[in-house]
Amino acid sequence: MYSLIGELYPICRSITGDGTRQTLALLGQEIPLQVFEIPSGTQVLDWTVPKEWNIRDAYIKDLSGARIVDFQKCNLHVLNYSTPVNAVMPLADLEQHLYTLPDHPAWIPYRTSYYSEKWGFCLSEEQRQSLQDERYEVCIDSTLADGSLTYAECFLPGSIEDEVLISCHICHPSLCNDNLSGIAVATFLAKHLATLNRRYSYRFLFVPGTIGAITWLARNKEHAPKVKHGLVLTTIGDCSGFTYKRSRQGNADIDRVVEYLLRERSEAHSIEDFTPYGYDERQYCSPGFNLPVGVLTRSFYGRVPEYHTSADNLDFVKPQQLGASLDLCRQITSTIEHNRTYTNQSPYGEPQLGKRGLYRSTGGRDPELENIARLWVLNFSDGRYSLLDIAERSHLPFTLICDAAEALLGAGLLRESNCH
Amino acid sequence: MYSLIGELYPICRSITGDGTRQTLALLGQEIPLQVFEIPSGTQVLDWTVPKEWNIRDAYIKDLSGARIVDFQKCNLHVLNYSTPVNAVMPLADLEQHLYTLPDHPAWIPYRTSYYSEKWGFCLSEEQRQSLQDERYEVCIDSTLADGSLTYAECFLPGSIEDEVLISCHICHPSLCNDNLSGIAVATFLAKHLATLNRRYSYRFLFVPGTIGAITWLARNKEHAPKVKHGLVLTTIGDCSGFTYKRSRQGNADIDRVVEYLLRERSEAHSIEDFTPYGYDERQYCSPGFNLPVGVLTRSFYGRVPEYHTSADNLDFVKPQQLGASLDLCRQITSTIEHNRTYTNQSPYGEPQLGKRGLYRSTGGRDPELENIARLWVLNFSDGRYSLLDIAERSHLPFTLICDAAEALLGAGLLRESNCH
Amino acid sequence: MYSLIGELYPICRSITGDGTRQTLALLGQEIPLQVFEIPSGTQVLDWTVPKEWNIRDAYIKDLSGARIVDFQKCNLHVLNYSTPVNAVMPLADLEQHLYTLPDHPAWIPYRTSYYSEKWGFCLSEEQRQSLQDERYEVCIDSTLADGSLTYAECFLPGSIEDEVLISCHICHPSLCNDNLSGIAVATFLAKHLATLNRRYSYRFLFVPGTIGAITWLARNKEHAPKVKHGLVLTTIGDCSGFTYKRSRQGNADIDRVVEYLLRERSEAHSIEDFTPYGYDERQYCSPGFNLPVGVLTRSFYGRVPEYHTSADNLDFVKPQQLGASLDLCRQITSTIEHNRTYTNQSPYGEPQLGKRGLYRSTGGRDPELENIARLWVLNFSDGRYSLLDIAERSHLPFTLICDAAEALLGAGLLRESNCH
């Protein structure tokens, strides 16, 4: 994951344009991707697909010709979606177009202006202080023209049509945690799931933020209710503990599963209620869709100074944290896969487990706990309690409860309930 | 309000009689009142309107003719509803008819005997100790005869028929906090609301305690369900923090509104669950009516020593506290007026606020919070969440949420829901 | 109760056999019992009634003929349900059949092998250490043959068919707390209830654990829903505080009643959520039946070292604790009997209690509290709140609330609701 991030880092992404296409082409070498191009001007829900933006070069030169600010060194230097400019202008005029972070004088901020046409440069406060000449040459060699918005899906069919949605945004240029960490974890989660027998179908979305999610929802309005569980993945490679932001529903299965697993890990983490701002959960959880989609992150957006600055770089994300994030995602999907609801087929009194070889067996595991897990599954499998409900109520590990269910299913003592 | 209390203070009120009429005549100079006279003997729910009581004079004289206890000095001296008496009697006999407060030897208690015919005097323990003669002359020049019970309504029609009920009792003689403070705040709240465009209709009741509320309910049994929110106001002029006693329903809108506003004020206050004793909420919240009526007070009845004594006088209530109580009542009615429930008309994805001039506008207020408030209103306006629900959930001020709703309504993005 | 336990203590009980019959014969001298014999091989729910086990003698002799381990001294010495054996064998072989408690070297463990045919001896670790000879003579003079399972019911009809079930197990040999304490308290509770006018019908079950409860349920599958409240009684004679384990329903009336009474006693106690292991609640609370049956114990099973050992003897149970347990059981049944739900017949406004002599009466009790209790009962008797609900909500004693209800019922102000 870390070397994938390294490959993706230099690309200048935006909500449209070739940076997005290059990014998806690299991901397509890892997992099967279907890429969609949606023409500028297409109506998508309440929005319109904008013109496509592309950029080749940008700089501020002093009159000796030296590049003081150079897009080739860092693509954050350009206000993302800047209109083209090519002029010599007084410093006073140029200053109206400059963005810095006075509190972090060595960092370059990340700024965008998608829906109002402007141009600008982002630079470090130190660079700005060094601008002492009267006039400078500025150039942004960009185009904003009819074209298309690009997004991709990786679809892994399962034995049922109900879907798990994993979504990450792909519209940020050289920012590692906010955008590339989510892309990398999602990609490797897809690689992992591709090798398994799947009950659920999985749909991974690689979309530009906001407009991409809206575009996908517009094109899949009838299909959306198939999404039974979902996660937005981003800012998941840094050293903070996990933060889970609940879906708008608040107690959807995905919320219960992630909170259960975070509790079980007994590491510091935080759980946030849904709010209608943040990432693409804003769209998935809009009241018309109200999909059960939560957000899994480490540092919560906007709460660390590196957020949306050049300090969100290859040092800010760590291979070990990426690995732990992927592990948690695997546990989440595994729990979703196994969390079924059963009905006890012998609900009057306890079934006699001994005559079925299911009592005080002496396998590798503590036989007492195995027996107790079976009694829990039998007693609460009345069609209303899922295995996760039973694990939470019994304070026994989910995997032990699943093993018990499997043994009882094998003995014909359980039948899967339809209602879950 | 304080000078109105000063005017009302000397009048000898009871549950019937001319004291009530004089009181309502004074209130009628402030607000439009409709006065009702209900004849003695009228059946009202399970009760009967009693005989009317009037009193002209009362005293205990020593045999030298000096008035030891004098109704003209303080109308609390007479057991309220005393039958007439005119006799010279031994001190031993008189003592059967005397009420004092040994713990507060300078204070006169307030006592009544409405439904069992008796006579008696209330006096300070000090006065009682001074009674050393063998015989005294006692006189109560009262009448208890067929007449009527008097109460009044101030009705302020609104644009809908749903009503807000504000009730206060008017049956206590010279007691300032218990009775006059509620009367004064209710009167000035009515004056204020009379000047506004009202959505709800407001009905202010000035009724004798218990029998008056029962009489109104008996005469308005079919009408009562129009009451959607209600408050009993009393003991609201002293220096204690606010106490709100919930309606029997416990989580009616009035309960949520008052509790929300008290929390927002961040002053010490207390919230009490409904109990079936207290003031006229006993009647409004009887199970047959079960109206959403709470009680707003400062010192909770019976919890301060001044309660029902001559110490509940013009010093015990304060202009500043009366003013703050009126302010809170205005906030309550304003919140009720504005707390509507809307349905987002563009519920699939976020509507694009920028193209409607509703995003990052740079008005006088913090534009970020304004944007965030709009997102909250849009996301939760699905017909189930009221603006107060959204304010509580978002931890944003109710007024900011209302402004957001107004802006979105203006842009056609909301429609008012019927169901609230 | 303590002397009944003394009489029952020496009998060698098991899940079938003459020990059970002797036990029930002794109980039959105290209360009316109907005894049932269910033949071996009968299918009962998922189980089969096993062969009947009887035992006359058992010992381990050294070759001099001295009884080292002697069933006549303590019936725990035999692995309960042992198959017969009569042999001289090397110590090494015998050791495969010995059970001890190394942590409590003077105690004999209690062990069973009902459903897998084996033989064995239970002995103290000290006895085991003393076995130094090369060979020993072992004899278990038992029979395992077709016969029947024995259980009994004591049925006390009430004025309604709804039943209260009290169940205790009768299958443990010389163990006092685990089995005999429950039997004794249940027997004396039945004696007490037999002398009262009963609203509910009461059914006391004296059954062998697991298979006995399953047998009763199998034979009463249609009848079971008549059980509206139930308790399993066991380990209720020792010095620990009470432990109540909730029914599977978790907030059944029986749960609320027992928890209320335990709280009111203000002695240390503990409340446990339902778990699907323990005593016969496992069967009554299996999902097909889901009866409202809780478990009342003192030391919770398995949590004290004396559990299932020879230390659970006549010293471990105490007359005083047995008495307090019986008192609590009487309070439970009394509360169940009195906990009805009423509907106020004068629900509009407060009824005028004074004209009915129900206000400020001056009986022996605090008249204020009496009045307040009446107002609580009137206000909340809308068919949804039971008297226990009202007691909990008002923080007034249940008995005071019941007295209020009785007075109001006498005045025609209440009618019993059907729905409870």
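Chains: A, B and C, in written order; residue numbering restarts at 1 for each.
Simple rule for what comes next: a residue touches a chain if its C-beta (ideal position, glycine included) is under 8 Å from a C-beta of that chain, and two chains touch if they have at least 3 such contacts.
Keep in mind it's a predicted model, so treat the numbers as computed, not measured.
These two copies of the sequence, chain A and chain B, are related by a rotation of 120 degrees on CA atoms, to the nearest 5. Mostly differing positions are employed by chain B and chain C in their mutual contact, as under half of the interface residue numbers are shared between these two copies.
With centres taken as mean Cα positions, chain C sits 56 Å from chain B.
Residue positions of chain C touching 2 or more other chains: none.
If you check the complex, the residues on chain A that touch chain B are 45-47, 115-116, 210, 213-214, 217-218, 221, 248, 273, 275-277, 282-283, 285-290. Interface residues of chain A facing chain C in the complex, by the touch rule stated above, are 344, 346-352, 354-355, 372, 375-376, 378-382, 393-394.
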